[in-house]
Amino acid sequence: MSDLATALVFWPSAAIMLVTGLYVFRTSSMARAGLLLLASLGIEGLIFLSLASEFLGVLQLLMMSGEMVIMVFFMVMFMADPGGLMGMDMTHDKRRSAAVAAGVAAALGAVAVATDWPGAVVTGAAPDIEQIGFEVMGRSMLSFLFAGMTILFAMVGGILLAKHGGRLGIPAPAGEPRDEEGAGAIGSALAGGEAGVEPGVEGEPEHPSHGSHAP
Amino acid sequence: MISLPVVLTAAALLFAIGVYGALSQTNAIMVIMGIELMLGAAMLNAVGFMRYAWPDAASGAFFVLVVMTLMAVEATVGFALVIAAFRNRRTAELDDLTELKG
Amino acid sequence: MTVADMKEMEERMIADLPWLSPIGALALGAIVCVVLAIVLPRGRQGLVGAWAAGAHLAAAGLAAATWLDRGFRVTMEGIFVVDGLALVLTGLVGISGALCIALARPSLAGTDREGEFYAVLTAASLAAAVLGAAADAALLAIALGLSSIASFVMTGYLRGAPRSNEASLKYYVYGTVAGATMVYGLSWWFGLAGSTDLRVVGEALRDAPDAAVIASTVLVVAGLAYQASLVPFHFWAPDAYDGAPLPVAAYLSVLSKLAALVALARVLALALPDGTAGWPTAIALIAAATMTLGNLAALPQRNVVRLLAYSSIAQSGYLLMGVAALEGSDQGLPALVYYAIAYAATNLAAFAVVLAVARERRSVDLDAFRGLGRSHPWWTAVLVLSFLSLLGLPPLAGFVGKLEVFRAAIDADQAWLAVVAVVNTVISLYYYLRVIAPAVLDPLPPGPAPRALRGASLPIAIALLGAATVAIGVGAEPLLDLADSSTMLMRGG
Amino acid sequence: MPLLTLAVTIPIAAAVLAAALPARLERAPQRIALAASFLALACLLATWARFDPDRGMQLVEEATWIPSLDVAWRLGVDGMALALSAMSAVLFVASAIYGVGPRPLTRAAAALILLLEGATLAFFLAQDFFLFYVAFDVSLVAMYFLIALWGGEQRRYAALKFFLYTLIGSLPVLLGIIALFLASEPQTFDMIRLAEEEPFAGTGVGASLVFLAFLVGFAIKTPIVPFHTWLPAAHVEAPTTGSVLLAGVLLKLGTYGLVRVNLQMLPDAFAKYALPVALLGLLSVLYGALLALAQSDLKRLVAYTSVNHMGYVVIGVAAAAATGISSKARELAVDGAVLQMVAHGLVTGALFFVAGFIQTRARTRDLGRLGGLFGPMPVYGTATALAFFASLGLPGLAQFPAELQIFLGTFEVYPAIAALAAVGIVITAGLFLLALQRAFLGETPERWRGLPDLGTRELLALVPLLVLVVALGVYPRLVLDVISSGTWLLGGG
Amino acid sequence: MTGALLWVTVALPAGAAAAARVAGRRTGWVALAGAGAAAVPAWALLVAAAGGGAASSTFTWLPAAGGVDVGLRLDPLAAVMSATVATVGVVVVLHAGGYFANDPRAPHALGGLLAFLAVMQGLVLADGYLTLLIFWELVGALSARLIAFNRDDRTAAAGAVRAFLTTRAADLGFYVAILALYAGAGTLAFGAQRPGGALGALVGIGLVLAAMGKSAQAPLQTWLAGAMAGPTPVSALLHSATMVAAGVYLLIRSDALLAGWPLEVAGWVGAITAVAGAAVALAQRDLKRVLAGSTTSQLGLMFVAAAAGAPAVALFHLVAHAAGKAGMFLATGIFQHERGSTELADLRGAGRDDRAAFAGFAIGALSIAAVPPFAAFWSKDAIVGAAEGHPAWVLLVLIAGAGSAAYLLRPALVLGGERRARGKGKVEGGTEASSVGAPGDRAAVVGLPGRGRMLVATAALAVGSVALGVVGAPLANLLDLPVPQVSLMSVALSLAAVAIGAGAVLVALRAPTALARAALRQLYASELLRAVVQRPALAAAALLDRVDARGVDAAVDGVARGTLRAARSQRWVEERGIDAGVDGLARLVGRGGAGTSRLQTGRLHEYLRDTVLGAAAVGAVVALTALT
């Protein structure tokens, strides 16, 4: 891609990416926020494309579309006022957060601009897909495998944390004597002395599947 | 035209937006979004560097892949946690999580 | 790169495989755990734990065998270093991980995700072992990621308990922010070096512009420092330990922390050779801040778990003295290694007793420890020994450890840091005594006798850890030899 | 034969044996304690026979332990170590004979007493700081349990106070040891070498701080006013044997350390601070004497006289520190101080036995309630009078030559302090005579008419001490020839 | 040879003491044999010394710093003292055999007496100040033990305690003197030169003070009166003849060391004590206390003699006084047995009942009152002569002489006067022996068990009082000192004084009541000592005890808050005591702990914010260190 084309894609994309990114946190609707994030990161994929990283750009677009759809689902499921109808504020400590963020931006931006970055200043090139393939299947094989492990255990962990009810969907046999010592003991350990609190698994709320539209 | 500092500055701004989100949002999901943006900024850096400084550095591309993986897996676990939290408290507001302190 | 090159590389990597056997054992163990957890009936999930523990011990054994038979080697085209530091960490992870499983087993028995828990724990151990051996930014990032994720999951294991949930969520947000920060910093390192290989990074950073080096280094350090709970990246730790199941807290305070510290040592030594950007001083300052804040914050605690959390933050500070002395002294690395071993045994022993008390008395308030000496003399003995070891009294493990880091600090011209550490040691006496004194001195409070605990794994673990706390101090010589001969390959490129 | 090692290990091994005995062997613990304490004494007497007073540190037994830190099992004797360890062994034999309270020793009591013996002997004989400190702390623990398990009504309070005070006191000692270790070149825990090389020669800030650390630690143990408040409480509540050993042996740990460490290893710093230390000693002498004068509880009275008598030791050591190298006064003062430690051990041991005997008979130690005891208990009265007179420094009894030498040595340096300290002997004379008058003279009240005189076991425990008191008083060279501080005080061996 | 003899002299009585303890019923005779045997080497020493022999047997006692020696020595002074002690010892032991004839605790008493003889021999034979101090203190301890012989008697116990404490307090001077001497002269041998300056002053003051205490010189004389609560033979041996003379012996022994102002001080003390003691003696209502006052007074005269540069005279008077005063005590012991009391009121007419004993008493009294030709007449005249250079001392000595006549005539008149019908004497106070019964029962008196032995002993001393007048010159020769000159003037003066004193009693001139009361109460010396020493010490002790019980930090807090807190009893003390040290120190640190703990708010976004700020700080620090 030529410099001009790059510029033509990059500038507006970058602007949109940043604006949508910022508006993720300025909207009072969680669904909107999710969509904005999707947009922002999707646009980032476009930028990747413009910066000659076609493989990564495409990958980013695909990932984001998948991921963001899931995220929107979540928002609808769990958030108070997912549609932002109530206009409620989801922020705290905004001024100081903004100041800190501005400071971070200033510091990083200043260093980024001021630094005489090393390396060849080239145009129009980036590692091509073959190089990436060699990298993945060669030097970074171990890391790649490890990334796979990470995904596996993120899934396992996610299920562990999120799935409700008996093990792997098999309901506990009725009448089986439950070892209350196990869960109870840990529970009390965490409760830090509040004996009697039995936050056993059975104590979970039954159907937390949607948010309450409390006034 | 475009040059490396421009890309890096854009990434820095994106990162700062992510930081702002992580700091200012009361809702866990929103905070996760901020984190996604921060990771996105890191990817943008790497891509920028590959384009303008190290065209042959495939390890950078792999690094971006890794970051994408991280985005995905962290989101997965994050959502799972939010579900669990919601089951317990019917809320994912971080401001409510103040039982542990001191 | 040609196909022939590729072939050659492939052969080299295959030849490297024996050096990877320890982490291979953990990886295999973790995956089989998942399968077993699915396959085995609910009453048999304990077998998953046994398998996981076996995998841990196998990893430790393979690490020892690797050290003895094969020696040290940079493997996988330079991204994975099998040297003394990494092998010691792997061994520690193996043994401590197995002990953590033994600690966790009584609490977990009968819960609904027992098998998966062991799987996740083993994955965390795998991540810890890899973290300590990674010499590549991408591997580092993903290893920290897996380590973090597994930790979050374990912390939040008690889904029904709001405290566990809260702890996990806080840990998660804090950890992912810190991880993202590190990734951002690593991306700059890549930009400065043109490679994610930390050795190449080290060469590049030597001459790179200061501002970029400093900024990126701070960002990278943030990620590792958070997992090592160093000030100012420690905020998650007390809350997470407090809310997590106690065996998990023990795991986090030992394995995750040590892995992060080892990774920190390696990353700093590789990427910033010869103290580029003056990091030894900065690390020394962080060490001083960490031990001071940890000790001060521990003073008012009444919750023994939180107290131990702050204590372990303070211990991170002492451990970090070894890292700070890496450049200035040959004794820095041995000090770090020995202290890590001593700390692992000691802190696990402390947590084990606290866990036992929590299970029996359903409280971890200071008052729950009153009169412990009357009802459980052996627990109390181990508790006292471990706390005194944390304090650093001879002949316990902690004493030799402190001595080693003091030595290293002085040898590295950081005597001021040793002085700070000494002052901190004095402060820490107070809160350790706050637990020990009522446990040893008070009579048993009136009330119904608590239920006796069933099962042998916890008492055995307590006994082993107590013995180790003493033995590592009294028989320090072999371990000091080990520490002395543990090296860090590829230092300085 | 490694006699010193045997002297340390036999009691400890016997302690383990006694603890492991089946409960039905009722008399076995006492027999084991007796046999072990006699064997330890025999080892030390054999050492005494082989001892050459003209050489300093000698008969060193050394076994490697942790060579990396130059920690070793180093035992050795010079005059002070031999005299004090032999005196301790005698007191332990007496304690083993008497048991705890009126009954024979139980398993736990025998084990604790033997553990205490092993620890204190190790402390006196240790020429390695590692061992020195471990022994220091183990003795504390054993004594704590002696008080806490067999003490009087407020034993918990007393034990707690004792424990906290002395544990807090031991921490500065540890820090001082670490400082000495780190400052030595090459670094070592070898006390003989540290005494020769004096890593903290001079009076710089470092030397002063290390000196103060040791001083505070030993001052609490000794105890020097104002660190003495734990002592009366501990003594009043401790069982008879506990008091005997606490006063007779454990207090010497402080003054021994003062000589061994502060005087031998930090002479310059001590010279700088000699005057304040001597003034503290003087304060102890007068304060202890006056407080003792105000007591009506016999044990409290004796406890406070210990403060007084240890004050003399402190004065003597301080005076020795103030004088230059190899002056006459220095030798006199240190000879006197060491002899005073030995004499005080025997005399105070006897005094606490005496107090314990009346406690078991009359169930009170209140001098106001007692009276006319000479009538029913002439033997007891005579023994008490002898012990009293010994304690008030009557010539012909053990403490006179000790105190005289301290005065002679001190007067050349601090005439005013020596003269004022001599006032202490008048006050102690007063308090002992008044006690004698109140408790033993006058008409015997009806309630004490039937008190039985001393039994065989009591005599067996007490008489040897009194015989030694007389022997040392008549011919102090029995011990002084061995002490011969001139040969070892300046290091070398 | 002579060296061994020295040790034998000390060891024999000690061995005899042990033998007497186990001798059972025959203890009196065993003790006598022991004392007699012990006298042999003592006299042998005197003979050797008379033949010009001198010896020393020492050994290193404290090996440090070149060694400090102890040992015994023979020189004329030591020999004379030793012989005196041994001889009086034999006589007193003989008497005591009778005195304790019916007492089951006789072995205890006789053993004590013999043990005392052993240490007294050690004292007089000591070579060097260290040895002297050792025996000096031992003598004091044994004295206390013997005074408290009658253990049911509270007065005796109190007397013993007071005797020991007073002398030991004075011995503080001895200690300090030894320290100063060693520091100044580097030796503790006799004959050392007094060091100059402050050290010399300490030596002088210290030794004089020690001598004053032992010899019961004003104002430390009160213990001697208290000591009279002991058995009478003990009073005879310790508190008249030998032990109390040790102070004089010390002055004589330290003649050279104390030359100059220290002796001047001693002289003044002696002269004043001589008068004060006489006054005290005059006012007493108890015979033994009369004799005690007299002893004080006579010892004062010896001080004067020693101070006036006539140690031979002092020694002469010491010997003469020993015979006379011991004789009187022994006779008193007989009366005591007969009347069960030593109160003068109870003894009225006792001399008529027992004329033999009265004769012994009278001869002793005449001697002490300086009636010619009895022994003390010569010695006292010599004192007057020796003090010529000090007119004031002469005057005081003469007054004391008059006083002695008066205070001795008074009891003599009582003893020899008409019996007065009266019930059984008061039993409390010095009634360790069985009293015979009502006064006037002469048969009972004669049949008193042990009376024979007591009489023989009394008689022996009476002979001494008669005969010893001639030893003045030989003594002086033996000691190689100027022979006391008895001038007509001094004879006349002292005779006049005696006459005045006796006359005053005969005309029943009464002293002003206030003075009499003061004299009866030891001129308030006890009150003085109590106010100056005892009360402050006890008050300080009590105060410190209160302070200490509340923990040392309470003292810092001030008295006001301290008293307030006292109300809050034991509980407070406990908590405060334990935690004060730990908490107080840690409070500051703890505040820091609370502060850092407050950072942990539990609010995640604040954690993150603080972390970013902290990281920024770290970055800033790194940047600073990297750029500088």
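When the chains are written out, they are named A, B, C, D and E in that same order, and each has its own residue count from 1.
Basically, a contact is a pair of C-beta atoms (placed from the backbone, for glycine too) under 8 Å apart; a residue touches a chain by one contact, two chains touch by 3 or more.
Quantities reported herein were computed from a predicted structural model and do not represent experimental measurements.
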Those chains which touch chain D and also touch chain C: E
Separation of chain D from chain B in steps, with touching chains one step apart: 2
Identifier of the chain whose CA centre is least distant from the whole-structure CA centre: D
Pair exhibiting more inter-chain C-beta contacts, A-C or A-B: A-B
Identity of the chain that, by mean CA position, is farthest from chain B: E
Whole-Å gap between the CA centroids of chain B and chain C: 25
Centroid distance [mean C-alpha coordinates] between chain E and chain A, Å: 100
Whole-Å gap between the CA centroids of chain D and chain E: 34
Chain A and chain D: spacing of chain centres that average the CA atoms, whole Å: 69
Per-residue overlap in chain B, given as positions that touch at least 2 other chains: 8, 11, 15, 18-19, 22-26, 34, 43, 48-49, 53-54, 57, 59-60, 62, 66, 69-70, 73-74, 77, 80-82, 84, 87-88, 94-95, 97, 99-102
Chain C: positions in contact with at least two other chains: 136, 138, 142, 145, 149, 152-153, 156, 159-163, 167-168, 170, 173, 177, 181, 191, 194, 211, 215, 238-239, 242-243, 300-301, 303, 433
Chain E residues counted as touching two or more neighbouring chains: 582, 597, 600, 602, 604-605, 608-609, 612-613, 619
Interchain contacts (touch definition) - all pairs: A-B, A-C, A-E, B-C, B-E, C-D, C-E, D-E
Chain C-facing residues of chain A, complex: 107-108, 110-112, 114-119, 131, 134, 137-143, 146-147, 149-150, 152-154, 156-161, 166-168, 170, 172, 178-179, 181-195, 199-204
Residues of chain C that touch chain D when the two form their complex: 392-395, 399-400, 402-403, 406-407, 410, 418, 422, 425-426, 429, 433, 437, 440-443, 476-477, 480-481, 484
Interfacial residue positions of chain C with respect to chain A in the complex: 1, 6, 9-10, 13, 20, 27, 30-31, 34, 38, 42, 76-80, 106-113, 116-117, 119-120, 123, 126-127, 130, 136, 138-139, 142-143, 145-146, 149-150, 152-153, 156-164, 167-168, 191-192, 194, 204, 208-209, 211-212, 215, 242-246, 303, 305, 355, 358-359, 362-365, 367-368, 451, 454
Contacting residues of chain A [partner chain B, same complex]: 3-4, 6-7, 10-11, 14, 17-18, 21-22, 24-25, 30, 33-34, 37, 40-41, 44, 47-48, 51-53, 55-56, 59-60, 63, 67, 70-71, 74-75, 78-80, 90-94, 96-98, 100-102, 104-105, 108-109, 112-113, 115, 117-122, 125-127, 131-132, 134-136, 139-140, 143-144, 147, 150-151, 154-155, 157-162, 164, 204-205, 208, 211-212
Chain C-facing residues of chain E, complex: 582, 586, 589-590, 592-597, 599-600, 602, 604, 607-608, 610-611, 613-615, 617-619, 621-623, 625-627
